[in-house]
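The two complexes that follow have chain A in common; it is paired with chain B in the first and with chain C in the second.
Now for the complex of A and B:
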C-alpha cells in the first residue's frame, strides 16, 4: 500500500492536469478576490473578506472531477492498473491508494482556494466573522471535497471504457444541477408577497400562503437530500448558510463510506481484461 | 468533381457511424429526459390551479446543448483517432480539409438533432399539457433558428479542439470545461450588463418621518470600454445562450451573425492547423 501511494504521488507530481487545475484554482481565487474587493472599494462600498471568500467553494468539485478523471483514465489507458495487480498488490489496496491520491489532489485544490482568497486581506482586512467561523466552513468544504473524491474515484475506476472521463466530469454537472433544483424548491418563501404594485402606487394586501412552499416531512427530506449531494453543501458554504452542520458532516462521511465500500466491492469483481 | 464526391463519401460514412453511435443516442436521450422533467415541473402549478407557461421551459435547450454536445463531440471525433479511422481516410486519398469539414458537418447535425430531442417532447406533450406558447410563431421559429446556429457554432469549436488533439480524455475535459466556463461567464455577464444606469428615487420612512432619497448613479453599472468588452464576450457562443433566453422574443440579428462568425473563424483556423498536423 505504501509503495502504491508513493508511486501514485510520484505520478501526481508530474501530472499536467493536476498542476493546471491547481494553478487555475489559485489564480481564480486570487484574481477574483482582488477584482471584487477593488470594485467595492472603488465604488465606496463597505465590504468584508468573507463576502467573497467562499465563492470558489462551488467550482472546486469541477477541478476535482477533471483531475480525477484524467489521473484514473491514464491508469487504464497505460495499462498501469494491470501491472500493479500482476506484481501482487490486492485490488483493495489499488482502489484505496487511488482514492487517497484523488483525495490528496482535491485537498490541494481546497488549500489553493483558501490561500488564494487571502489576497483580499491587504485590501479589506481579515474576516470579520472570526477565524473560528472560517475554519468551520473550511472543515465542511474539506468534508464535501472528500465525498466528491469518493464519488469520482468510484466512477473513474469502475467505468474503464472510453466514456469514463466524460462521465466523471459530467457527474459533477449532474450533481450541481440536482442540488440547484433542490435549492430552488427550498428557497420558495412561506408566504406570498403582501405588496402589489399598481398604476396608483404600492398597495398592501393580506399575506397569503405560497402554494409552492414545501413544508413538513417533505421539506426535511429535501434538506437531507441537499446535504447528501456534495454540490448542495458547496452551495450552502458559498452562501455561508449551512443549515445543519452536524448533519452535513455526517452526510459527507456517509457518502464517502458508501461510495468507497461500494467501489471496493465492485472493483473486486471487475473484469480488467 | 473528385473533391465533391470525396466529401459525399465521407459524409455518408460519418452519418452511418452517427446512427450507430451510443454517445449520440445518449445525448438525445439526456435532452429528451430533461425536456420531460421540465414539463413535469411546469405542470405542477397547473395542478394547483395556477398557470404553467411553456415558453420559458422551451428555451432551456439553448443553455443545455453546450454541455451535452461538448461530451458528444469529443467522444465522436476522438474515436476517429483512437480507432485509426482518421489515418485510413487520409490514406485512401481524401483531403484533410474534406475530412475536417465532414466531421464538422456531422457534429453540427448531431447538435441540432440533440436539440430536437428536447424540442419534440416539449411541443408534442407540452402544448396539450400546458397550453400554447404565449409568444408568436414567428418569434418562436426565429429563437429556435438562432439557438440552432449557436449550437452549430459550439460544435464547430468543439470539433476544432477534438481534431487538433489526439488524446480523447484531454479533449473531453477541455471541451466540457469550456462549455461550463462559457455558460457561467454568460450568466455573470448578463447580471453585470442588465444593471440599471441610475438607481431611481425612493421614499422611505425613518423614525416616523417620510424621507426621500434622490435618484443616484448605480456604481455597479458597467460603462465605457469595459461595457464594450463585456458585450463582445456576451456574443460568444455559449454565453450567447443566456442572451438568447433573455431576449427570446426580439432576438437581435447580431447573435446568429456572431455565431456564423465563430463557425467561420474556428473552421478556417481548425482546417488550416489540421492540414499541418502530424497524424502519427
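Now for the complex of A and C:
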C-alpha cells in the first residue's frame, strides 16, 4: 500500500483541484480574519481571536468534497484504477490508499484554515481562551474532517461515472442541511415569551413553555445525531460550543470506521470496468 | 506445453445476461494470441476477469499456473501488463509523469529505464505536452508503455487498433511484434480487425456468445486457409494414391473430398484417376481468408 500512497501523493502534488481548494481555504481564512478583526477595531469593539478563528470549520467539508470527488473520479473516468489492480494490488489496498490520500488532502485544508486564521494575531493578539482550548477544537476539526473524508471516499469509489462527482458534493450539502435543521430544533429555547401587537402597540406576554422545545429522550437523540453528522460538529466547532467532546470524538471515530469498513466490503464486490 | 493463461469453463453473469458462457482457453507461453469475436462476444469481459477488475460468477482460470481463487494471484498479476478498452492514463500528466506514476504504483526503486520505455513507444520527444493533447495513437502507445512499466512477460491488449489511423495501426503492430520477438513477451490481443490480427497472431481463439468456438495455431489456420484445389471424387483412396505418386501435398477432408495444396497438372491428375476408375465429380479452387474462416466458424449473425 505504501507504493499506492506514494503514487497518490505524487498525483496530488500535481492536482489542480487540490491546490485550488488549498489556496482558497488559505486565502479565505486569512482574508476574512483580517477583514473581521479590522472591522471590529474600526468600530471600537473588543475582539478576541477565537471569536472568528473557527469560522472556516463550516465550509471545510465542501473543499474536502470537491477535492475528493475530482481526485477519485479521475480513477474511473481515465480508467487508471485498472493500472493498480491489473498489476496485483488488492482492492483493500486501493481503497485504503485512496481514503488516506483524501484524508491527507483534507488535513492540508485544516492546516490552511488554522494557519490562515493566525493572520489576526498581529491585530488582536493570541487566543484568550488558551492554547489548550484551541488545540482541543482543532482536534475535533481534524476528527470530523476524517469522518467527511471517509464518507466522500465511500461515495467516490462506489459510484463510478460523472454523477459521482456531483453526488459527493451534494452529499456535503445534504449533511449540512440535515445538521442545520437539527441545530435549529435544538436551539429552540425551553421558555419563550410572545409578542402581541395590539392597537395600543406591542405587548410582551408572560414567559411560557416553548411548544417547539424538544426535551427528554428525543433531545438526547437529536444531540447524538448532531454529533454523528460531521457537519453538525462543524457547526458546533464554528460557534465553539461542543457540548460533549468525548461523544463527538467517538462519533467521528464510529462514522469513519463504519464508512471505511462498509466501503471496503462493497468495493471488494464491485464490478469495475 | 506451458500456458501463461488457462481458463476453465468461465461464466460471468451481469444483470442483463451472460457475458461469458463457459469459456475455456489456453494462451501458450511466447504466443501472440489473437482473441477474435464480434462486439459483445465476451472478449473484454474475459480480460476484466483476468485483470482482477471483476470476479467470475463460475469457473476458474490460472495465471502462470496460479488459480484465480488463490491469494497468490495478485503476485502473478505483477508479471502482467494490460491495456483494457481505452488507455489508462492521466490526461493531465505528461507521458513521463504517467510513467513515473506507474513506476511508483509498482514500487520500482528508481526511474531507470523510463526514457528507454518512452523511446520504445516513440514518445521520447513529447516533453511537457499533456496526454490530453496526444493523438489517439500516442495515447494508445502511452497506455502500452504504462503496461510495460513493470517489465511484464505477459501483455494483454484489448482492441489496441481501435480508432487508430493506418499509420497508427502499423506502429502498434510493429511495437507488438518487437515486444514479442525481442523481449519474448506473450501477448493476448482482442480484436475484431481480422486482417490486422492475421499479420500478428501466432495463435487464435475464436469466441462467440461467451464461448470458445475454436482455438487454433497460425500454421493450422494457414493450412485451413491455404489456397488449394478442392476435389470431390467418388472415392478418395485412388486419388491419394495418385497424389502420393505425384509427390503433391494434400489433406483428406472426407471419403470423397481432398484438398490439394501444390499446383497440380489437372490433366495429368484426372487421367490418373480415370485409369484408377475414380470419377471426378467436382474441382474448384478454394481460398479462405481469416475473415471467411471466422464467418464460417461463428456464422454471419448480426452484432449484438
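Worth a mention:
One rule holds in what follows: the second predicted complex is superposed on the first by the 260 of 273 C-alpha atoms of A that agree within 3 Å, B and C clash if a C-alpha of one lies under 4 Å from a C-alpha of the other, contacts with A are read in each partner's own complex, and residues count from 1 in each chain.
Everything below uses one rule, namely that a contact is a pair of C-beta atoms (placed from the backbone, for glycine too) under 8 Å apart; a residue touches a chain by one contact, two chains touch by 3 or more.
Everything numeric here is computed off the predicted structure, so don't read it as measured data.
When both complexes are superposed on chain A, chain B and chain C fit side by side without a clash. Partner contacting the larger number of chain A residues, of chain B and chain C: C.
By the touch criterion stated above, A:62 is placed in contact with chain B alone, chain C being left untouched. By the touch criterion defined above, A:85 reaches chain C but does not reach chain B. Once chain A of one complex is fitted onto chain A of the other, the partner contacts of A:218 are absent, as it touches neither chain B nor chain C. When the shared chain is aligned, no partner comes close enough to touch A:250: not chain B, not chain C. Of the two partner chains placed by the overlay, neither chain B nor chain C lies in contact with A:1. Within the superposed three-chain model, A:273 lies in touch with chain C and out of touch with chain B [touch as defined at top].
Between chain B and chain C, the minimal CA-CA distance in the chain A superposition rounds to 10 Å. The intersection of chain A residues touching chain B with those touching chain C, taken from the two complexes, comprises 74. Looking at the complex, you find that chain C touches chain A at residues 14, 48, 51-55, 73-78, 80-82, 84-93, 97, 100-102, 104-107, 146-147, 150, 156. Contacts from chain A toward chain B in the complex involve residues 17, 42-45, 62, 66, 69-70, 73-74, 77, 162-163, 165-166, 169-170, 173, 211-212.
Residue ranges of chain A in contact with chain C, taken from their complex: 2-4, 6-7, 10-11, 14-16, 74, 78-90, 269, 271-273.
Within the complex, the chain B residues that touch chain A are 23, 45, 48, 50, 67, 71, 74-75, 78-79, 82, 168-170, 172-173, 176-177, 180, 219-220.
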